[in-house]
Structures are given as C-alpha cells and as structure tokens.
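What follows is chain A paired twice: with chain B in the first complex and chain C in the second.
So, the complex of A and B:
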C-alpha cells in the first residue's frame, strides 16, 4: 500500500506530460501537414526532411539535446519543459503523417462539391473536409496518444518525477524492484485501457454517422 | 555556434563503438523476440487455456507497459528473485519481451488476412494442420506482415537508446559520458542523434519500398 502510494505520486506528472505533449504535437502538426501538401517543391522537401529527422532520432535523444544542450543566455530549460517540448516535437511529426493520411482519404468529389457550392477554402476546410478527415484520424490519433502515455516515461531520464522516476526511487530504497515495476506496468495498462475503449467507442459512433 | 560542427565531427567517430552495441542489441532482440512473437500470435487464440493465458499475459504487459519499465524490471527487479544478469543480457531480455508482444499482434494481423479460400483449398487437398501452417498460412501471412515488422524493427532500434538507463554502454550512454567528461553535451547528443537517424531513416524508406513492392499486384 505504501508502495502504491509512493508510485502514484508520479501519476499527475505522467498525465501532465502526456496531455501537454499531445497538445503541442497537435498544434505543430498543422503547419507540417500544410508543408506536406504544399505544391512548392522546396517547402515540401524541407517539411519532409524535418519530419524524417524528428522521427528518425529517438525521443530520449531529443530530450537530452533540449535539457543538456540548449541554453538561451544563462537560461536552461527545466526538466519538465524539455520533456514536454521534446515529446511534443516528436509527436508533431507522427501526427502530421496521421493527419495527412486522413485528409488524403477524403474523397476528391467533396472538394469539387464544395467549390460547386461556392464555398471559400476556409469554409470547405472547416465544414466539409476537416470533420470528415478528423473522423478517419481519430483511431490512429488515440492510438498515438496511448503510445505517448508510455513514451512520457522517458521524461524520467532527465529527472521529471513521474511514475517511472518514483518507482525507480522506491525500488532503490526498498530493494523490492520486481513488485514496484510490475505495479508501475499495471498503472500504465490501467491508464491506457479506458483510452482504448474511448477510441473504439468514438470509432463505432463515427462510423455509424458516416455509413448510410 | 560555429564551433559546433568541428566538435560534432570529432565526437562522431568515437561513438561508433556504441552504435555497434545498439545494433547488436537490436539484432538479438529480433532474433529471439520474433519466434516468441510467432508463438504468442497463435497463443492468444489457442484452445489450450494455460497456453492462452500465458500468451495474453506476455502480450498485454509487453504492449501495455513502456519499454523503459520492462528494462528496469529486468535489471533492478530480477535480483530480487536471486537472478543476477549483466546489464546487456537483462536489457536484451526486456527488449525480447517488447518485441515478442508487438510482433505477436503484427503477425496475427498478417495471418488473419490470408484469404479463407487458401485454408479451404489446403483442406480440400487433404493437408495436415502442420503442413497447412508451414506451407500455406505462415508464408503468406509473414509476407503481408513484413512491412509492419520492418517498421517495428526501426522503432526497436530507437528503443535500444533506453538501455542506457540500465548501464548498457550503447550509443546513448557513450554520448552521455563524452558529454559529461568534456562538457560538450550539445555536440555529443547531436552526433548520437545523427547516427540514429543515419540508420533509422533509410530503414524506414526500405520498409515503405517493401510495402509498395509487395502490394504491387493489388
């Protein structure tokens, strides 16, 4: 019981890192998608390169670069800032690919119909293409979110006091490593189960709304 | 800033030994993980309850828990039950677990997408279950699963960077020790990042290419 309490102290930071990184990733993914859809060859190449680099380097390396390597004047990032920004950047690259695929899956005729109705580009995106693409993206988006929940454990390597960090600390002082880490594993599984159920629920609901 | 490039250039070659350990770790995790993945892919739908429960346990924990937790579990946890392994072996065990759990699902997906007519055909030919698996279902299922297995291998290679937390002297830990002994953290980590990227970006292209080639007839 004492063990569970010691580990659960890390729960808020695990959730905070996951949510903030997902939010940063979602916002930054939008310009990346725009770059991937750009007709300008140079813009496309730069975006493609950025995404490949963000995905090609392991998250822990990004976190270390930001935490140990980046200083603006005498200012260095806090561990939490470095973790959220690092994981957010990597998430942006993966989410951009998910969004690109989802937008591509919207039928060409929807664009033609929007312009036939005289919709402006903004309206077409907001009212026609966006909602349909979002429906397709939801399962992959939540799957990535669950993955990010597990990746947030990497923040422990730079000292963010989340679940793995607390487990590690407790394991060292109590010498009960095997139980501690099984409980930590159990917490991650318990956290991802409702997310998985939510994703399936949303997916079937959306499918019903589209299938006619 | 302008001292960054020469620093990276001098540090890069010193990290190659670490890269080799990362690649070795990836290789052995795949070598032992894939057979278990195949076993569990049949196990999660097996009729035998004990086999099924064991498979579901390993697959669910292996996929549900972060690789970092499994690494620490093996390294700090196993000594509790009087098993003491070197850091490399315990890291390998943890990554074998992760590999087996993820590939079990990928292989199961591949095998389930083998058309049902193939199975009926082999029945009609009077094939035994073992022959059916060996000559009909597994070869076609693995072919379908191959691109996603390659994609997983890239992620596994990246995940070996976490083995530095259990004192495996791989690429990340070499970069860290270079950084802390010279205080040149930024060039050391950028050099490590470039080495990871130099392997995983072309490997990703290869998996995309394989997917295109294999789906050519579709």
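So, the complex of A and C:
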C-alpha cells in the first residue's frame, strides 16, 4: 500500500506531461500540415525536413538536447518544460502525418461541392473537410496518445518526477525491485485501457451514423 | 448603335472562347455557347469530348486557360485576376449537381440542405429549415430529413443534392451526368424531377448520356467532340439529321446500344 502510494505520487506528472505534449503536438501539427499541403516547393521542402528531423531523432535524445544542451545557453528550461516541449515537438511531426493522411482521405467531391455551393475556405474546412478528416484521424490519434502516455516515462531520464521516476526511486530505497515496476505497469494499463475503449466507441458510433 | 429588341430572350449563361489544356493534352479549344433564360441545354458527345470540363468551367471548379464566362451578368475572364467577390457572386447564380451527388456524409439530409442557406444566404436556422422541408416535401423526401445520406438510395441522394442546390435560388442549374451513377430505374426518379424543374422555367445545362431526356426535354442540343462543339441546335433535328460525320457516328453508337 505504501508502495502504491509512493508510485502514485508520480501520476499527476505523467498525466500532465502526456496532455501538454499532446496539446502542443496537436497545435503545432496544423502549420506542419499546411506546409506539407503547400504548393510552394521551398515551404514543402522545409516542412518535410523539419518533420523528418523531429521523427528521425529518438525522443530521449531530444529531451537531453533541450534539457542539457539548450539550458547551457540563454534559454533555461526546467526538466518539466524540456519534457513537455521535446515530446510535444516529436508528437507534432507524427500527428502532422496522421492529419495529412486523414485530410487526403476526404473525397475530392467534398471540396468540389463546397466550392460549388460557394462556401468560403474557412467554412469548407470547418464544416465539411475538417469534421470528416477528424473522424478518420481519431483511431490513429488516440493510438498515438496512448503511445505518448507511455513515452512520457522518458521524462524520468531528465528527472521529471512522474510514475517511472517515482518507481525507480522507491525501488532503490526499498530494494523491492520487480514488484514496484509491476505496479507501475498496472497503472499504465489502467490509464490506457479506457482511452482505447473510448476511441473504439467513438469510432463505431460515427461509422454507424455515416456508413456508406 | 446597339439596341435590344423587346422580344429578345436574355442569356443567363454565356461562354466565350473557352480554352483549356492539361500540359500537352488540349481538352477545350475555343468553345462558345449561350444559354437563354428558361431553356434547357443538353450537352452530349463521346467521353473525353470536354462536356464536363465546359460545365465545370462555368462555375470555375476548373479554371480555363483563356476565355470568358458570364452568368447572370457576372463576368469572369480567365486571363484577368478573379476577385473572390465576383467568383462568389457567379457561383451563387449557378447551382451544381454532380454525378456522385457529393452530399456531406457527416450531416443529416436536413443539415446538408440548410447549412449552405445559412452560410451563403445568411438565413436563420429556422428559415433555412422551413425552406429545406418545403423542398424535401416537394421531392417526396419529407421523411428523410433526419437521415444521413448513406441511408438513402442513390436516386434519393441525387434528389437531395438537387434540393441543396435549389435552396440557394440559383439562376441556372448545371447538371454533370446526374444519372450516370444510378441504375436506369432509379435514374428515372431523378429525370422526373429535372423534367419538372424544366417545366417550371428553370434554366438548365445538362451534360448527359440520356438520349431520351436530350430529345424530349431539352430545347437546345450541343454535340461536343475532341474539345470542340461540332454541332448545336434543335435536338430532334440533330438526332434525325445530323450534319456532322462525328455526330452521326456518336449517335449510331449510342442508339445501337
């Protein structure tokens, strides 16, 4: 019980890092998608390069670069800031690809109908293309979110006191190695299962409504 | 000196010297055509002739390389900069019906027809819904308002798409092979609605393979081949006595099927 309590202290930071990184990733993915869809060759190339760079380097290295590297210079970052920003940037790159694919899956005719009816670009995106793309993106998006929940444990490497960090600390103090990490594993499963269920539920519900 | 005789019928649509190419592939060469108010123009011809392209250029779904389009007084010249305001006005004057309906699958039938009215005409939700129900009832689809498009048959979906376009009060309706994706029996439902629209005086341009419709409903037949209008005029006359060899070949092929 004491063990569980000690580990659970890390729960708020695990959730915080996950949610903030996902939020940053989602917001930053939007300009990246715009860049990937750009007709301008240079913009496309820069965006493509940024995404490949973000995805090509392991998240743990990003965290080290942000925490130890950047912190040497003028920009001082706390461990939490570095974790959230680092994981958020990597998330942006992956989510941009997910969103781009989802937007591409919306039938060309939907654009044509929007134009022919005289919708402004904003209306077409907000009412026609966006909602359909979002429905397509939901399963991949939640899958990424669940992955991110588990990847938030990488933050322990720079000293963010989340679940794995707390487990590690408790294991060292108490000498009860394996059991501590089984409990940590159990907490992750309990956190991710409802997310998966929610995603599947949303997916089937929407499919039922608009099944072709 | 130019003066208009009082009996002269206004042209709702005028297309002047339209040309378009995709790279080396020339799809339209110098196409001109006028659509008088209240008339039905049917466009026929072999696939790849450029019929749909002409139609899609009329509301700028495709941008011609050169030429001019005028709908209800709104002029767009392909060589000049197109102002968004002018484009919006032109599109507002033209309603479009697609081969594959292109209804919004994530909205109910009611929302499909009401949303554009709210956005384009600034109608309140209540006003829009009233108009929508009136149109749906007229099409015999009053009970479908709360369904999603996927739960409607193809013929129903196409009639819903017609209602969606009509709800914006267009001056001309453009139909791009409206029955080509439908079983012949179902297509009849759609053709009936179109016939009724024509009898009410709606100006229509219809790209079609339905020779019956072209012969019996249209006032003007336009035959296209290889990016050109090769023949145009009275539908029955062209069908019984085509002047152009290409027309003869096409009609023979269609009628012998």
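Just so we're on the same page, the second predicted complex is superposed on the first by the 206 of 212 C-alpha atoms of A that agree within 3 Å, B and C clash if a C-alpha of one lies under 4 Å from a C-alpha of the other, contacts with A are read in each partner's own complex, and residues count from 1 in each chain.
Note that a contact is a pair of C-beta atoms (placed from the backbone, for glycine too) under 8 Å apart; a residue touches a chain by one contact, two chains touch by 3 or more.
Please read these numbers as outputs of a predicted model, since none were measured by experiment.
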{"item": "Contacts of A:162 with chain B and chain C, given as first, second, both or neither", "value": "neither"}
{"item": "Chain B versus chain C as contact partner of A:110, first or second or both or neither", "value": "second"}
{"item": "Per-residue touch tally on chain A - higher for chain B or for chain C", "value": "B"}
{"item": "Touching partner for A:57 - first (chain B), second (chain C), both, neither", "value": "first"}
{"item": "Where chain A meets both chain C and chain B, residue numbers", "value": "none"}
{"item": "Touching residues (chain side chain A, partner chain B) in the complex", "value": "52-53, 55-62, 64-65, 68-70, 150-151, 153-154, 156-157, 164, 167-168, 171-172, 175-182, 184-185, 188-189, 192"}
{"item": "Residue numbers on chain B that touch chain A, as the complex places them", "value": "60-61, 64-70, 72-73, 76-81, 158-159, 161-162, 164-165, 172, 175-176, 179, 185-186, 189-190, 192-193, 196-197, 200-201, 204"}
{"item": "Contact set on chain C toward chain A in their complex", "value": "59-61, 88, 91-92, 94-96, 98, 100, 102-106, 115-116, 119-120, 148-150, 164-165, 168"}
{"item": "List of chain A residues in touch with chain C within their complex", "value": "107, 109-110, 112-113, 115-120, 123, 127-128, 131-132, 135, 206, 209-212"}
